[in-house]
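There are two complexes below, and they share subunit A, which is joined by subunit B in the first and by subunit C in the second.
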Partner chain A sequence: MEREWAARYQPVALEAEGWTGERPRSLPERALAGLVRFCLRKPLGAFGGLLVLLLIGMALLGPGLRMGPLSIPRLAPYHYNEYDIARAHRERFQAPSLEHPMGTDQRGRDVFSRLLYGARISVAIGLGAFAISTVVSTTLTLISAYYVRSVDLLLQRLIEMFNFVPDLLIIGAVFAVKGATPLALALVLGVLGGLNTGRVLRAEVIRIRGLPYVDASKAMGASDWRIIFRHILPNVMFWIIVSATNSVSLAIVAEANLAVLGFGLDPALPTWGNMLDEAREYVRQAPHMAIFPGLMVAMTIFGFRLLGDALRDVLDPRLHGARLRP
Partner chain B sequence: MTDYAVRRVLLLLVTLLGGSALLFFAMRTLPPRDAIDLQVPPQTPNAEETKQALRRQLGLDGPLYRQYLSWLKGFFTGDWGKSLHSRRPIVQELKNRLPVSFELGLIGLFFTWAFSFPLGVLSALRQDRPVDYVLRTLAYALDAMPAILIGILLLTYLAVNFGWAPPTTFTYFWDDPWRHVQIMALPTVVVGITSAGNLVRFTRTFLLEVLRQDYIRTARAKGLSEQVVLVRHALRNVALPFITVLGASVPTLLTSSVIVENLFNLPGMGRYTFQALISLDYPVFVTTTVFYAVVILVSQLVTDLAYAWADPRVSYARGTP
Partner chain C sequence: MTGYWQRALQRRISRRQALAALGGGATLALVGCRQEAPSEAPPQAALRPGEIPYAWQLPDETARAVPGGMIRFFYTNDITGGFDPYTTSSRSSTLFLVDLAYETLLQLRQGPGIDNRRIENRVWEGRLAESWEWVDPTTIVFKMRRGVYFHNIPPVNGREMDIEDWRVTIQRLQASPYRVTVQTVADLNRVDFPDSQTMVVRLNHPYAPGPRLFAYGASSFWIMPKEAADRMDPNTQVIGTGYRQLEFYQPSVTLRFRRHERYWLKDRPFLNRWDYPIVTEKANRVAQFIAGNFHWYQPLPEDLLQVRKDVPNALVYRADAQGALPISFFGYRDLATAPWRDERVRQAISMVIDRRSRFEYFRNHQELLQNGIDQRLRYHTHFWAGSVFWLDWTNGDLGEESKFFRYDIAEARRLLEAAGYPNGVDIDTWWHTGPNYGAQYVESAQILNDMLQRSGLFRVRPHPITYQEYLTTVWQRRDFSGLALVLPWTGVDDDFDAGLYAMYNRKSADLFRGLPDEQLEAMLDRQRAELDVGRRTQLMHELQRYLARKMYVIPTEGVYDVFNFVYPWVRNIGWPQHSWWLAPDTPGREG
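Now for the complex of A and B:
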């Protein structure tokens, strides 16, 4: 039945999409064409993507890379903790110069090098939180929102109760047990973020679940899993991708917030949050110590936000055809 | 409708009980030490006995569930207990601290509104012209700046260019108005700016959507002036969702104040709760957190009920809690 319908209407649909009868192209070709189309349609989003790529490049190459036979020397001119105690009083708080493009900090360490090392930590936290939160929110929400009457009622109460316990207490407890490592932070932020984005996703799934095409496919005898994966998931996919790009920036902000509250990662690590926190004391002598890490945080969030919004416009099935430009 | 309301209130009570129990037990069992350990230095003679005596005096001995029940009873009867460290009653502290947080949130909200609504409208009216591009870029840039960043960068800028920093000790408005204004100016601006970028974009998108509606075309076709079309027909329809979004951001404003209050040394609720957490002062921490949770949950409930009452399409039948 379904196949018959498709056979009858497919030619029309393909022509409408600009299908000219050429030989089907290979996957890389199509991916490249899609990328070019995205860049042309969404220049701002492409710019955001460029910023994200730049950040990932910094994180990979900044501190140097050694993977088996592959070995790339570090891009950072200095080690993040490199300073000379004997000359520290002369070399500290230097304004940006050719030797130190972003100046030096209170011990005479190179801010630019520290930023590059910090990029790796931030990207690790961000991507870790992103992966965990996407898995948590997608599986939990799809199941919960589909079985609204049984699983959902219990699960939602449980999540509401968990919302009672402030994130700081949970993070503090995990740090006390596991140590204040980037991995522990990514884990906690991922789970907490996943539960939070799940709330919005849940509303969307409940809405779609009541639409006629779900009823229709149920009437045709489709199993629950088929409905969830073939009919509901593709329609909320854009949402999952957009909130995933958001979760990266949220994790990076959370790291900075925790550092300034004194709840952050090991102060010896050159994370952006730790650098911002240290800079607060020396605002008058060395404003560059606050400005450059701040700009990095802002640039990262800016990039992910632009990319996420452009992806939403391209992927959201409801915006297709509308000429909305946010 | 009544069924729905009763169900929601019952569920709220269940959530409150379960959540406060979870919070209480988490606070008492997760940290490896308790507040008394922090008060008695380990080198004092008879440290253990002193601690035991203090615990007995403060009601920290005995089984945990009984302590929870007595805390619960106190919470519902209005006897909220004292801080374990300063021994000051929590209710007294709340009376001093709530106005600070409330002022911060309210003025911050006002700044958000005053900043983002006009700019969003302007951006929509000049769609795809230079003004629009500038405003959109600005909105994105603001969106990319978390409160902490705006705060630190503002402090840096003012310190470097004007050599000015806000006074470090807090004074209430009725003690020294001018000093109070100096203290509160930066934090309120930071709170206000933080969510402004998002709302500029929201207003713009929504106004554009409204301007594309049929009734706007009708109003123009009737020969109404552009101003009347905008004020009477378009803006009214934008204002409602805008207010809903603002209302939804109230809990965020309350919680984001932890960062801003700590950054600017304000004696508000966020700082109180945070300090209670790091000093393991469990009565203060649990009570203030549950207090906030009650405020947020009740406001959510009221919003949902108002929606269900105003919009018949919102299903409040069984199965959609």
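Now for the complex of A and C:
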């Protein structure tokens, strides 16, 4: 019924808006225009986006890329584990120079190269956690909050059970079974992050579920799935996007925290957390070992936060109203 | 930097020599008065200009001692397993506390002028035992020292030690669940107390290192009061006979000891208090020492030059023979068919390890050497390099078998070809990624793994796993294929009999890391039954060469001198701490 109504009245609505029948702009054109508009309206957000792009670029190109016929040589000047133990006493703890732009570590390995390799792991963990967190929080919460009297009861108790157990214990248990791999870490951080953010999303869904237009859709015979995905999801999408950008930076910070606490990934991997953890021991002799990975973590968080904030401003319809007020 | 160091070292030695001139007379008098004077050099005679002395080379300043004051050390962990060394769940942290408050029956003679590295100077003297003697090869008789009092804490209330305390201690020892203790107990046949001052220990077999059992904390012979059996809880109370009495312990904050007023050694200790704040972060410890809040500090090699620069007035002295014995051992899962069942493959693994580079890297050797500090690295064979029977493979003392410790890829390749593996060997490597074995363990394992891989002779499949998995699968069950890397073996001592038995005798059960070998076990039994030092030395050397050939485990690294920094107002450090004292002008002397 609702679909028939939309099909019947849409042309009229377009004409009413002054559509003259000119060729509509293509998707790339619209995307470019939207991007320009976003950059002009939200320069800080654009800067955040630039940092994020830079990070993704480092992750893709730093260690080199090989996909089918496409082969891009690595950007990193050295392999992340390139050292000669016999020469380590001469090459260790070198300050930044042209040869080693970010200096060398305790074995004489190039810190810049390790950061580039580490970017791929950090981005993989961050984006992996982001994807898992988004899927978990969105699907579980939408279903849970919509069927508030049945499924919600069970799911919320399950989430509370997870919340009772310290995250470190869960991570330790998963590592014991699956090994301390980036995939396992992304999985755990994604699920835990999804469960936590889902609770806030749930409140928003419950609020929207009670609005008149949802009742109207029901009255017009719309199915539950249609109401959830057509009428509720778009109205909480801004929130999902913002929390997703947060979850990327949170996952990267969590990796660093875990490494420093001794629960991190395989120490042989050049993750930023592992680099920070190693640097603690040598902070007096070689502060650059801590400064550069620390800067990378900070820059990543900064970039994702700026981008997230700007996206929220642009996408949240409630903030649009506020901006229009004098 | 080099010039600075040369000047600094010269200045410091000059000052020490001046101290020596003052204390030298007293030292020589003391040394000369000993009944069993060990062969020793006058403290300063062995020192070359610019050389950092050992503690025993420092002058005796006892005659000028000024009693009183509080010395400030630190500790790096909490006492997590309780105070009772016989039941603790965290033996290493408890041993630290126990070693400060309890005493053993014997002790190694030490003090200014006594170089304990020389076998002829290793004299066991009475501590809580007034005297002891071998009656026959399996019987040792101890005479209890009179006038020894426990700490004045209820329910013991400072009473005099009696033979019943020894009996209760033996019973607690025999009931202890620890492997190291079981090993000790296994050597004991019977313990009798024929009178109120005598303990007769009958051993199961002639046992050359016998006196050691009653001298070192590792063997658990701390004498406890008999009240520990029923009237006090040794897990929460520490009542011993040591010159330090536990005054205060606040978890994660501090341990504080005060002077035992009725200590059996007259006029000792000189100090009133010992403060051990618990500081877990290395950077914090360094900062506190630089600020003068700790009187003593032992920097890691990478920090040494900086600390020397930050605290130029500190006195630096050497401590001898530190370092665990890292061993890499094989799993049992496919031992019957694995390439390393052949000793040539095991020898090849050993020969692709560049031991010198590894050890020098971990000890920051070259940089320190360039600054005039020689750590005197000594490389392990299968014997701990600090043991009295150790042979140096770097100068060929180990004989033909020295080559198995040298870095020689070409020879390793020839060995693999002879063993039937011309194309190299696939091997799994295992280590854990937890902090449990210290900061250096993981890096050490990674570097060894890289050395195997880069040799081109081994195709390595690394398995960095969690500590929990390592503990059960690798350490306890040995249910893995391949090589577990660089386990830091800390059950080492200067005789090394206990270490050898633990590693290579199947009776040591879960500590056993070698492969079954009856000939080796017979050699182990033969050496410990030999009471003649010369003949035992010969047997130990044979054993050492045999192990080098068999290469059942792969040892790496070695021992080294460490450098202790102490502020100049701490005096008499050539002696054990009961004779240390603080100069009257020490800042905050009374705490």
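What we mean here is this: the second predicted complex is superposed on the first by the 299 of 326 C-alpha atoms of A that agree within 3 Å, B and C clash if a C-alpha of one lies under 4 Å from a C-alpha of the other, contacts with A are read in each partner's own complex, and residues count from 1 in each chain.
Assume a contact is a pair of C-beta atoms (placed from the backbone, for glycine too) under 8 Å apart; a residue touches a chain by one contact, two chains touch by 3 or more.
Not measured: the values here are computed from a predicted model.
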| item | value |
| --- | --- |
| Contacts of A:V200 with subunit B and subunit C, given as first, second, both or neither | neither |
| Which of subunit B and subunit C A:I56 touches, first, second, both or neither | neither |
| Which superposed partner A:I85 touches (first subunit B, second subunit C, both, neither) | second |
| First (subunit B), second (subunit C), both or neither touched by A:A131 | neither |
| Which of subunit B and subunit C A:A176 touches, first, second, both or neither | both |
| Which partner, subunit B or subunit C, touches more subunit A residues | B |
| Touched partner set for A:P267, first subunit B, second subunit C, both or neither | second |
| First (subunit B), second (subunit C), both or neither touched by A:V283 | both |
| Subunit B versus subunit C as contact partner of A:L315, first or second or both or neither | neither |
| Shared subunit A contacts, counted only where both subunit B and subunit C touch the same residue | 172, 176, 262, 280, 283-284 |
| Touching residues on subunit A, where the partner in the complex is subunit B | 148-149, 152-153, 156-157, 160-166, 168-170, 172-173, 176, 206, 249, 253, 256-257, 260-263, 276, 279-280, 283-284, 287, 290-291, 294, 297-299, 301-302, 305-306, 324-326 |
| Partner subunit C, residues of subunit A touching it in the complex | 81, 85-86, 88-90, 106-107, 172, 175-176, 179-180, 262, 264, 266-268, 280-285 |
| Residues of subunit C touching subunit A in the complex | 282-283, 286, 302-303, 306, 354, 357-358, 360-361, 364-367, 433-435, 439, 442-443, 446-447, 449-451, 462, 464-466, 468-469 |
| Interface residues, subunit B side, partner subunit A - complex | 11, 14-15, 18-20, 22-23, 26-27, 30-32, 128, 136, 140-141, 143-146, 148-149, 152-153, 155-157, 159-160, 201, 204-205, 208-209, 258-259, 262-263, 273-274, 277-278, 285, 289-290, 293, 297, 318-321 |
